[in-house]
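A, B, C and D label the chains in the order they appear, each numbered from 1.
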Amino acid sequence: MINVGVLGATGYAGIETVRLLAAHPEVNIKKLISRSFAGQKISDVYQNLKGICDITCEELDIDDVAESCDLVFTALPHGASKSVIPELFEKGLKIIDLSGDFRYNDPEVYEKWYGEKHSAPELLKKSVYGLCELHREEIKRFRLIGNPGCYTTCSILALAPIVASGKADSRSIIIDAKSGVTGAGRSAALPNLFCEVNESLKAYKVAAHRHTSEIEQELSILAGEDIQLSFTPHLVPMQRGIFATCYINLTQKLTAEEAVGLYRKFYSGSEFVRIYDAGTLPEIKHVSGSNYAAVGIVIDERLNRAVIVSCIDNLIKGAAGQAVQNMNLICGLDEGLGLRAAGMYL
Amino acid sequence: MINVGVLGATGYAGIETVRLLAAHPEVNIKKLISRSFAGQKISDVYQNLKGICDITCEELDIDDVAESCDLVFTALPHGASKSVIPELFEKGLKIIDLSGDFRYNDPEVYEKWYGEKHSAPELLKKSVYGLCELHREEIKRFRLIGNPGCYTTCSILALAPIVASGKADSRSIIIDAKSGVTGAGRSAALPNLFCEVNESLKAYKVAAHRHTSEIEQELSILAGEDIQLSFTPHLVPMQRGIFATCYINLTQKLTAEEAVGLYRKFYSGSEFVRIYDAGTLPEIKHVSGSNYAAVGIVIDERLNRAVIVSCIDNLIKGAAGQAVQNMNLICGLDEGLGLRAAGMYL
Amino acid sequence: MINVGVLGATGYAGIETVRLLAAHPEVNIKKLISRSFAGQKISDVYQNLKGICDITCEELDIDDVAESCDLVFTALPHGASKSVIPELFEKGLKIIDLSGDFRYNDPEVYEKWYGEKHSAPELLKKSVYGLCELHREEIKRFRLIGNPGCYTTCSILALAPIVASGKADSRSIIIDAKSGVTGAGRSAALPNLFCEVNESLKAYKVAAHRHTSEIEQELSILAGEDIQLSFTPHLVPMQRGIFATCYINLTQKLTAEEAVGLYRKFYSGSEFVRIYDAGTLPEIKHVSGSNYAAVGIVIDERLNRAVIVSCIDNLIKGAAGQAVQNMNLICGLDEGLGLRAAGMYL
Amino acid sequence: MINVGVLGATGYAGIETVRLLAAHPEVNIKKLISRSFAGQKISDVYQNLKGICDITCEELDIDDVAESCDLVFTALPHGASKSVIPELFEKGLKIIDLSGDFRYNDPEVYEKWYGEKHSAPELLKKSVYGLCELHREEIKRFRLIGNPGCYTTCSILALAPIVASGKADSRSIIIDAKSGVTGAGRSAALPNLFCEVNESLKAYKVAAHRHTSEIEQELSILAGEDIQLSFTPHLVPMQRGIFATCYINLTQKLTAEEAVGLYRKFYSGSEFVRIYDAGTLPEIKHVSGSNYAAVGIVIDERLNRAVIVSCIDNLIKGAAGQAVQNMNLICGLDEGLGLRAAGMYL
């Protein structure tokens, strides 16, 4: 059994991690850390957990966490993780960080998109980008994982095979992404109110969203050249789910069937990625509530352009589920343990 | 391992049963029967099941079902179950019927509320009302279970302890119930369209809904006298969940704490019923996605009236989950096996 | 033309008042007061008003308001109105107050339900309860109107005719009400977040909601005796609309047709109340976006009980529309001027 | 006063036309034609219209329509309009057709995208594409108007100024569009059910949607060259609204402010198009319930690409409102008469 702690347990990514861990057969939850709800039972904050996980939330005490846990998930607001992770790392803990702080190979990229210096650039070298489908073998050798963002996971999974294939123009990429509202987190801010979100739709941070840099980093590695791309996030009135519609110009003829074949080969060892048959496309309800990613491909022969759509549950494959998948990998467990629940559909 | 079949697998109650069974550790799904989608893989109809359950749906062949299954769930439209269940029963199968056909002790009650003669009144005696929390021991001795309706489960669980206690006036009961839209099933009818349901709310079948008779039957047994009550169903723009607000006049002084104590005692052996502390009330998101029922009690001292609210996931505790709970009971398994997933909250 | 101001213009009730006033043929909007958005154009806060109403919001300056306006709508948080209204009244302004402060005949009732002393009890005598359908003639003689609450309007309109008729037991009233989320206002609080409200439903302030006292006050007048009743509010995942399901025991035989006749007679001069034919019931989408109230009646002959359902748009007939209706009355205009838009349905 | 009829009055575009016409000061509604609901009052089918428009729906009788009406709106399913419009035209009626049949200059384009021969190609020459902002003067001279599609209106308004400016590469256009569910019409089909749409999102008809051809036709005229572009429609769980995110590569330097200036100049005479200040973007709730289109522009300097977002209410500016705007133009009325209601925001 692995003894784990969750820092930032009462945010949306945090609580989803708790929910998954509570059902994981090889995990003991030892510590739940929450500044806002310290002293309260997690099951009084999220009553779906009554009788399932009734641990009391605590303020962070690093020594205490280090003593009782083998591994921690850090689901803290940006900045907060940066300040505690070096200490936790020092203590020898395995760390899966759900913030953006340890997702970069190059601190300069971080600094450009986050607008501040990275406070632990030396740790960046000791961390790995935790997109399991791309870095499975490396992940197993690390103990600090930069768990990818939700938009990022959805977008990279959609584009990795075609970019790696060399059959498309990697300067022509446009990603138009749509997210459910859990992606905005649990902060009590005006734009997150039901009546401001419901029956509406908006784009935000157009040409300026930080996840752009993660996607560019990973696709550049696959392409073997520097990629810059358009990424546009939208907020949609639903709770869970991210849907990415990706456009890329082809440089060679490619049928839809060939594209499907290419994608299936690329993901042949990856049980959580489902490539749809040519002529069919995924919808968010096919994956919502699960750790699966679903990808469908249309070849627009008229324009010689591929349109690839992909979807995930942003809280699971885009956050907590992927974090657990990373835990399984670095702890030598079956990669999919505790993650094979079907989506809900309804 | 139990070999099971699901008849009517592609309706909403049917597919939820399939989803739960696919994750049940003691079940082999052998047959999925669907008239509308015969010949198609269940995972092409509900793509959340891709790679999880890829069985091909078939037309009903009773001999074939009887040969390959020990137990069947019948989630057929009203009337359809009545005609196949006698034959299935004859073949020696265990049967959990999700329709209304085998929920009654008295065929005349059925005939009054359904407006037609019961076609197998002799089987009614061989069946039991499958509300596990009330009939646990009887259920274990039967092999034909009339699985309760969703409104019914929610309402009876809310009222059973107070009615059984004799501390309230059982002629004063009013149940005001609110259901999500999955309760209306998957028929492609105008009133079920997104644009007809969304951003609206309506009452329907006021003073005339069939579930009234199930609730009256069960509460009358507990009260030891004939109960008649008001039951008003409403349709609410959400997918899952039933919420019942129940009113009953007290005949004795009772504090909220005493009421909570009384309820907890009544349900002491029933892990799936959560009684909330006095001063707190459940919400649908506390149970949605789970087999749990949550009940909260307010005592209105000004009016000497109890207001009891309860909620369940209509597809799980109100249909598929309860059916699996019944299967566990009649097959001698741990009652909660495969049913202990936490609700989703988000 | 009437020169008007709106105090608290950027809350949900305030902005709906602005939207209606902007389209009213006899109104000039002179002042929009908002503490939070002072200095900003109203159309930068609510962009639906761009080019339609581009007035800049201001901090409150009572002299300035008194100088430029004949009439003000006060849509301030509870307490805030109480402190400014005496001064505004002093200056000779007509005032339509959307808070709870001036809805009571008896300051003791206010003090009991609001838990504090009323700060201007002498003004209560100079104000009238602005439910136009009940107090039309009085309203015309007053210049301080306590505009009714949303739950209240919906509930009283449903019950007034039957209570006034003497054909029912006024001690048996139960009102089970369901509200859209705009009813909770625009405060950036956790329980109002999209992800906390969506796909869920809850009851709140059971047996303790302040609107109970308004309903009891008005129905007691009609009954000629002191009425106490159960009122249970629920929050439903939709933006607009209130739906009240009301139960009352009959003391005389009454058919549905007779009840419809009785209701139509009661509301014969009230164009904004629609009584449905026996056998049909209203839904929120029949009135959403309009100033109409819709009422349907079921007589449960089995139990000798009437079940009356009514619905309104909480922001219009339950707040801003009713306020404009009151303005029309006290200014001697056609009562329905600017209020006859059809509901949106879609 | 203009005497008008609506053919196909009970579909979603039809009923929205009726709702707008009922409030139009220069219109008498004389005939409502509906095959499915002939014999029923329109206000029994859409109860929001009770007391506002209680006309009884009829089967189509062309002579009768021609006798009582000056102008008809045809909101019939595709194909149905084609067969009645030649006759109506023959009788001398003014016709505003909401189907796709009369939106093309070239019958071959129609035939390519609709997969069948056009049945009245000679009438195409006598019709005009009714996008008022582009063809205002021509529209005034015609009496058969091909009222544009909803996706089309939103997309063309977003791209027309930049394409016409010659400052961008018209071969690089990608339009990623998101629609509310009213866009799918009122047919009782499985994919339109609440539980299939809610909490999900999908793309459909990728690289194959008919509206692509309308957009290409109109932008090609503006560009002075043949344009082919990517258009991807998505279905989003909300009722009203279309949101188009449009990408186009710039061929010249252009700041956001310059772009805003260029757009405002282009639409200087068009009151229903709102161009947002640089740095701000529209959301669907800014226009929902109104005839306004809102457009915002981001210049991605890193990639030298413009990202233009636009939104409309698909039922109003994308269908019924635009139809009324066309009626106003061809009848010599003020173009915006009856169309200046603010959006609802809430």
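Keep in mind that, in the parts below, a residue touches a chain if its C-beta (ideal position, glycine included) is under 8 Å from a C-beta of that chain, and two chains touch if they have at least 3 such contacts.
Which chain is which protein? Per UniProt: A, B, C, D = N-acetyl-gamma-glutamyl-phosphate reductase.
Note that the structure is a prediction, hence the values are computed from the model and not measured.
For chain D, the chain with the farthest CA centroid is B.
Set side by side, the interfaces A-D and A-B show unequal numbers of C-beta pairs in contact, with more at A-D. Chain A and chain C have Cα centroids lying 46 Å from one another.
Chain centres here are Cα averages; for chain A and chain B they lie 36 Å apart.
Centre-to-centre spacing of chain A and chain D amounts to 38 Å, using the average Cα coordinate of each chain. Counting partner chains per residue, chain D shows two or more touched chains at residues 12, 182, 195-196, 198-199, 237-240, 282-283, 285, 288, 346. Chain B contributes residues 174, 176, 178, 180, 195-196, 198-204, 206-207, 228-230, 232, 234, 236-241, 243, 245, 247, 281-285, 288, 298-300, 302-303, 305, 307, 309, 311, 346 to its touches with chain C in the complex. Across the interface of their complex, chain B is touched by residues 12, 181-182, 186, 188-190, 192-199, 237-239 of chain D.
By the touch criterion stated above, chain C contacts chain D in their complex at residues 12, 15-16, 19, 22-23, 46-53, 182, 199, 239-240, 271, 274, 282-283, 285-290, 292, 294, 315, 340-346.
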